[in-house]
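Residue numbering begins at 1 within each chain, and the chains themselves are lettered A, B and C in the order written.
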Amino acid sequence: MLHDLFPPGVQHGLDLAGIFVFATAGALLAVRKNFDVFGIVVLALVTALGGGLFRDIVIGATPAAAFSDLGFFVTPLIAAAFVFFLHPEVQRINRAINVFDAAGLGLFCVTGTTKAYEYGLGLTASAALGVATAVGGGVLRDVLVNEVPSLLRDREMYAVPALVGASMVALFISFDNLNAVTTALAIVTTFVLRLLAMRYHLRAPLAWNRRSSVAEEP
Amino acid sequence: MLHDLFPPGVQHGLDLAGIFVFATAGALLAVRKNFDVFGIVVLALVTALGGGLFRDIVIGATPAAAFSDLGFFVTPLIAAAFVFFLHPEVQRINRAINVFDAAGLGLFCVTGTTKAYEYGLGLTASAALGVATAVGGGVLRDVLVNEVPSLLRDREMYAVPALVGASMVALFISFDNLNAVTTALAIVTTFVLRLLAMRYHLRAPLAWNRRSSVAEEP
Amino acid sequence: MLHDLFPPGVQHGLDLAGIFVFATAGALLAVRKNFDVFGIVVLALVTALGGGLFRDIVIGATPAAAFSDLGFFVTPLIAAAFVFFLHPEVQRINRAINVFDAAGLGLFCVTGTTKAYEYGLGLTASAALGVATAVGGGVLRDVLVNEVPSLLRDREMYAVPALVGASMVALFISFDNLNAVTTALAIVTTFVLRLLAMRYHLRAPLAWNRRSSVAEEP
């Protein structure tokens, strides 16, 4: 590790917060799918830990924090227990999943980018791995429940807010300006951008000359 | 590696046995899906080596045993060859898959837990990684054939026997009591629990207040 | 790293060429699926970098080249941009995907095998990892778009050309005879074999006694 970008405890706290909200999103999806209590726990764990596990494996930070830090393991269990007893009605569950997921995107694109940079990656690569950390857990969750990941399917620019947030962090690092205020700014920007994209159905363009072609595949 | 829990050869022998039974389960599923000979080999390899590969990557035991130990690579090929020529009738193939899969669960939750502990993980993390080792190959197999993994879908508590077996191993380690008898006990307990859960359709609970709600999603 | 099999630059150039053609195949599939511009970029990145990422993680070459080498990251973006503006009509897009994919198979089974050998794996393991490198990106791509991978489903022997190419490289290494000519020979053999298998619908056998049984599952 080259040096720590955050004071001790801050990276860990942000990681745990991200793990908690992603675990909640995963557990809620499991409830919507009518999985049993173990399915809820597994989907909470996978959604919360998948992105960070991928990041740690890619940068060679082994044993990965998901298995060496007990807090990383227990937090999703707590989130799953909450969701098991308290969850919104089915017709409102999708909105709750999206809000928790957006919060996780914001938190993880920050911690993913900083940890990758601390392990010696360049700024561009760190931002790219930050995005991968933020979207990785959700991709794994969607693959497991046999759905095409939001990352690919969602026309409402799932990856863009994470890309903006991770790029902000990389810029703050390069100007030696990463602190509590700028960190919070990156997290909130990502979170709000994602919510706005969903609220106003912001759409990314399809391939050139494709719009007029045949209808979508079934 | 801190120290070896098993005498030389025992860990390797148990690993090979687990690889053989999981490879057989994977190859049988490929036959049921009407895959050709290469699909049978690939599914045997993925099912047998996926869980251990995941474990080795997470703890940083690289190059992973699946690629550095020739026996790990040849054993699934032998299992695939057996299955190619000798396999039960279609209507009985599912039961055979389940029995081989249950045997693999028992063997891998033991070897996964011990290897993780030997690489310096705590007891809880070792048991968690033992479970991941045991269920990982099957999850990967199910994802590849485009099915929701048994781990999530199966109401008959797929993960619980592995959880019991891995916890038993962790307890035996903590009491400095891991030997041939206790190891065999953990393997057999996992195997029998899984078979009993399937035989008597033991069910885990759905989320609170969920049972009375709308029907399962299609 | 034990020693370099190729002169400096050659491995890198072959890797970039493989990344470009696989990224093109991935981006074309995204166009066929009517994904938006971000879906096109993601599928280009995953298809191009997935196999090499898997190889690097398995042999412990971290941080993985996909994230530490900027060229590896930019090349798929260029391919995606090309495809975004220039892509064949829908009815001809599948053939284009297959040709680019076949070229990627040839290039990656060579670079995958050599890099694995350079990191100390045996010849058999190196060839196996070369095949995994060559097919890995496509498998990941197919899993993400929720299709059973060609590797399993395609009766036209998707893995066999890569197996032949990787074995040729391993043989050339063992006879200390890996040079520009033999490398090109392995690449072209793999490419042509794959095209011939598709052109003449070469089929691998199903499991013994299976042909006469019930029809394929739906």
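Please note the rule applied: a residue touches a chain if its C-beta (ideal position, glycine included) is under 8 Å from a C-beta of that chain, and two chains touch if they have at least 3 such contacts.
This is a predicted model, so every value here is computed, not measured.
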Answer with same or different: of all residue numbers used at the interface between chain A and chain B, are over half used by both copies?
-> different
Fitting chain B to chain C on CA atoms, where both chains share a sequence, rotation angle to nearest 5 degrees = 120
Hey, how far is the Cα centre of chain A from the one of chain B, in Å?
-> 28
Chain B: which residues touch two or more other chains?
-> 57, 60, 143, 146
Which residues of chain C touch chain B in the complex?
-> 57-60, 116, 119-122, 124-125, 128-129, 139, 143, 146-149, 151-153, 155, 157-160, 203-210, 213-214, 216-217
Where on chain A does chain B make contact in their complex?
-> 30-40, 42-43, 53, 57, 60, 62-64, 66-68, 70, 73, 83-87, 89-90, 143-146
